[in-house]
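Chain naming follows the written order as A, B and C, and within any one chain the residues start at number 1.
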Amino acid sequence: MNDVHVSSLADVASNHASKKQPGTAVLGTGLEARGVHAWFGKKHVLEDISLDFFPGTVTALIGPSGCGKSTFIRILNRMHEFIPTAALAGEVLLEGKDIYESGTDVTKIRLRIGMVFQKPNPFPSMTIKENVLSGLRLAQLKVSGEDELLESCLRRAGLWEEVKDRLGEYGGALSGGQQQRLCIARSLAVNPQVLLMDEPCSALDPGSTLRIEETIRELSSTMTIVIVTHNMQQAARVSDYTGFFLSDGGPGRLIESAPTSQIFSNPKEKRTEDYVTGRFG
Amino acid sequence: MSTSIAPQVLPEKPWRPTFKRVLPDLFGALLTAVSTVLIVAVTPLKGKLGFSLTLIAMALVFSVLISGVRKDKKAAFNSVSTVFVYIAATFVLIPLFSILYEIYSRGVGALTWGIFTKDMSLSSADAPVSEGGLLHAIIGTLYLVAIATIISAPIGLLTALYIVEVKGRAAGLVRFFVQAMSGVPSIVAGLFIYAVWMIGLGNSYNAGAGAAALAILMIPTVARTSEEVLRLIPPDLREAGLALGATQWRTVAMIILPAARSGLITAIILGIARVAGETAPLLLTIGGADAINLNPFSGNSSALPYYVWKNLSLGNPESIERAWAGVMVLMLLVFIFFTLARYFSGKRTGR
Amino acid sequence: MSTVTPNLPPKREITTVPRFSDKVFRAIVTAGGLSSLVVLALIAFFLVYNGLDIFRSEGLKFLTGFDWIDASPEEGLPAQYGIGAMLYGTLVIGFLAVLIGVPIAVGAALFLSYYAPEWIKKPMVVVVDVMAAIPSVVFGLWGFFILMPHAEYWAKLIHKYLGFIPFFDMPAPAYTRSPFIAGLVLAIMIIPIVTSISREIFAQTPLDRIQAAYALGATKWSMIKAVVFPYGAGGIVGGAMLGLGRALGETVAVYTVLNLVYDIRIEVLLSAGGSVASMIVNKFGEADAPELRALMAAGFVLFMVTLLVNFIANIIINRTARKG
């Protein structure tokens, strides 16, 4: 917590960028949004969003509430369509293929693009172990060496040491922060290429938040992570790239997207600067 | 990427099934139908049963094959479950439509003006349906329902008020027992009234006794529906009344009950619909009659369900015809109450 | 106890008059509210009181005996009243109804909750409600004249292909008015209540868990297995037991489609079964005073059995509906 107090957000972001050069690890495009629009009924909520997410990086989506960033992240793994009035335009490409293409098996898409929700939601009828492996059961995948997979997922989610002696207990018995890391471990078990996180720390205390942020940093070397957050300090701490969304009463737009250090130290747009320096939002 | 500014972007729902996407399903349905017809034609399987069983089996085979080949194992499991729930839904609908169809086709012929204006006092059981009628049964049922409502509506309403408004010490217990009371077999209610009214007090059969038995069955329906209605009244209405200095009694009488009025009417009508067709308790309490009896508290009486029952037991063709006519009138009555209940409950939510 | 603030009592005096009207109001409402408890207690009391002689003279044999014979003074034989066979028959047709009806009802509830398009869903919910409002005498009439000929044919097929199973054996070729047919009619009668209770519970399944399952790549069915069933299991079991309670107490429909025989038989396709409720109707018409008391005793047993089943069902349902 110290560095947050002593240094400006720009410092945090550039510090972090110096440890790991964004862009250098980019080999191809992981996930790309191309001209995405979204509607709920007649209401136009997102306008023409094009954004690339590079493998091995963390992209943070920030913006005031109601700017459409949660809608956008739900479009990325086709959770958008569960709202009956929802509609969209544009494309979302996973390794160059449109995930909304006619005839696509949506369950396979969601296996490759995992999601962690705002509120921790472990399955209460399952033990910790069953929760982690539930994705395999749901997708009816057979895996040899379940125990190794269980351990590695819990280790990657930073939960192994805390739960290794109580794997048979129910998921609901854990604290909120532990439950959220259990949900992360659950998403990891099906080995997704992309992990979407929709404000994963908004229901957690600061200590648990830091633990999750560490987890995100560790995971980012092996996968593409997209995180929606309303907390700018969190965006500065964990992300390589940042996209700033804003709605002026109409549909939400992507105002600016750039490496995180640039967004926080030297944004191109006046509105971005106003937002990250706390002048509104 | 040539990113020219698109002049107009239209909302799409790419997850919606398109014709191209449902094509394999249509193909599967076609295969199912063709193979079923073929199998039924070639093999000894025949009749409605053979046809439906083959149809179900073929639907399962082809949906599993198609989704299994096109996608994977989990898609195959998923399509088995889909076929199962569609079959289950069909099985729910078949008996209902069969019942409604049979009642209509067998009852409508006997439905003449005469049966609504005459009773059976001058007609023998084996007289043609055109002779006699069921006016006495309709009058009996109306008496039964009216008296049962007079007894059970206040009790059911007070029970709901006790649970929701007064929140007395025994509220939980009362709620639990009212739930359990809705499962009391109707024949037991009849036996109870017989034990009290006939054995205990030495009276003989009459409509009042039948109505008392029906009231026992009606109370839980009225109480539970009213309870749900009262719970839907926003708490701030209640607090607004009390904050104005009104007593609880005045708040309930002038704010809660008027706000819940159409819902409470629905509760009572649902209770009536529940008991109007009850037969078993009437067999033990009203005695049965072939003539109109305008005094509900003296002398045997008839009722529509009783009329159906009696004609069914008589067993000769004319009586069976009368039974179907009686069932048709009974169902019309129940549907009228049911439609009224829906109308009033719709009014409540519409406000 | 010494923390009573001294300025409270005067306020109470001001509210004396309204509180009196509230007292009356509360007294009336309480009396009305408790009257259902009183009615239930009275039912139990009067049935026991009238059946007491029989319970005394027959003892446990009343529950286990197979014979229901009036006294015949000419031959010097005492009356024998035992509802064992009828009780057994009641349970048989009740369980048959649950066995056939509950899978269909749960399937229909799943259909309504997760599969049906909106334009089918709304009318079908109404249709299920309508089905719940059909009087039992109508089911009896329909079951006797329309279902029975079909069911007789199905029973013959079952016997032909599964006759090696003792339940489907046939000592005599009498397929009508069997426990199987009574079970079918009861299954159709309990489908609406089991469907609507299951549907209510399914509707309460937390949305975030459903989304979590879908986000893990679940199909509709694997989501239902992982989330909906574990959450709603209590509701399904409770709904099934409520249905069982209805089936055990059903009188007129069963009486129409079941041949009452005072014997315990395991062959469900055979035209010989039992039902306490139907027996009461059957014997009531020509009953003399002692037999009437025996019927009251039988009614008491039926009352207690259905009450118990309903208690358990409601406890399970309430617990499921309350959990988060």
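One rule holds for everything that comes next: contacts are C-beta pairs under 8 Å (C-beta built on N, C-alpha and C of every residue); 3 or more make two chains touch, one makes a residue touch a chain.
Computed from a predicted model, the values in this text were never measured in an experiment.
Enquirer: Weigh B-C against A-B on C-beta contact pairs and write down the one with more.
Expert: B-C
Enquirer: Which chain has its C-alpha centroid farthest away from the centroid of chain B?
Expert: Chain centre farthest from chain B's centre: A.
Enquirer: Distance from the CA centroid of chain A to that of chain C, rounded to the nearest Å?
Expert: 50
Enquirer: So what's the Cα centroid distance for chain B and chain C, whole Å?
Expert: The mean C-alpha positions of chain B and chain C differ by 16 Å.
Enquirer: Using mean CA coordinates as chain centres, what's the chain A-chain B distance in Å?
Expert: Once rounded, the distance between the two centres reads 50 Å.
Enquirer: Find every residue in chain A that makes contact with two or more other chains and list them.
Expert: 107, 139-140
Enquirer: Which positions in chain C are in touch with at least two other chains?
Expert: 219, 222
Enquirer: Note the residues in chain B that touch 2 or more other chains, in rising order.
Expert: Residues 74-75, 77 of chain B each touch two or more of the other chains.
Enquirer: For the complex, give me every residue of chain C touching chain A.
Expert: 118, 206, 208-209, 211-219, 222-223, 226-227, 230-231
Enquirer: Using the touch rule from the top, collect the residues of chain A that touch chain C in their complex.
Expert: So the residues of chain A in touch with chain C come to 77, 79, 82, 84, 107-111, 114-115, 117, 119, 121, 123-126, 134-135, 137-140, 183, 186-187, 190.
Enquirer: Within their complex, state which residues of chain A touch chain B.
Expert: The touching residues are 34-35, 37, 39, 48, 50, 78, 81, 86-90, 100-103, 105-107, 139-140.
Enquirer: Applying the document's contact rule, which stretches of chain B touch chain A when the two form their complex?
Expert: Against chain A, the touching part of chain B is residues 1, 3, 6, 9-15, 18, 20-21, 71-75, 77.
Enquirer: What does chain B use to touch chain C in their complex?
Expert: 47-49, 74-75, 77-78, 80-82, 84-89, 91-93, 95-96, 98-99, 102-103, 154-155, 157-159, 161-163, 165-166, 168, 170-171, 173-174, 176-189, 191-192, 195-196, 199-200, 216, 219-220, 223, 247-250, 252, 273-274, 276-280, 283-284, 305, 308-309, 312, 320, 323-324, 327, 330-331, 334-335, 338, 342
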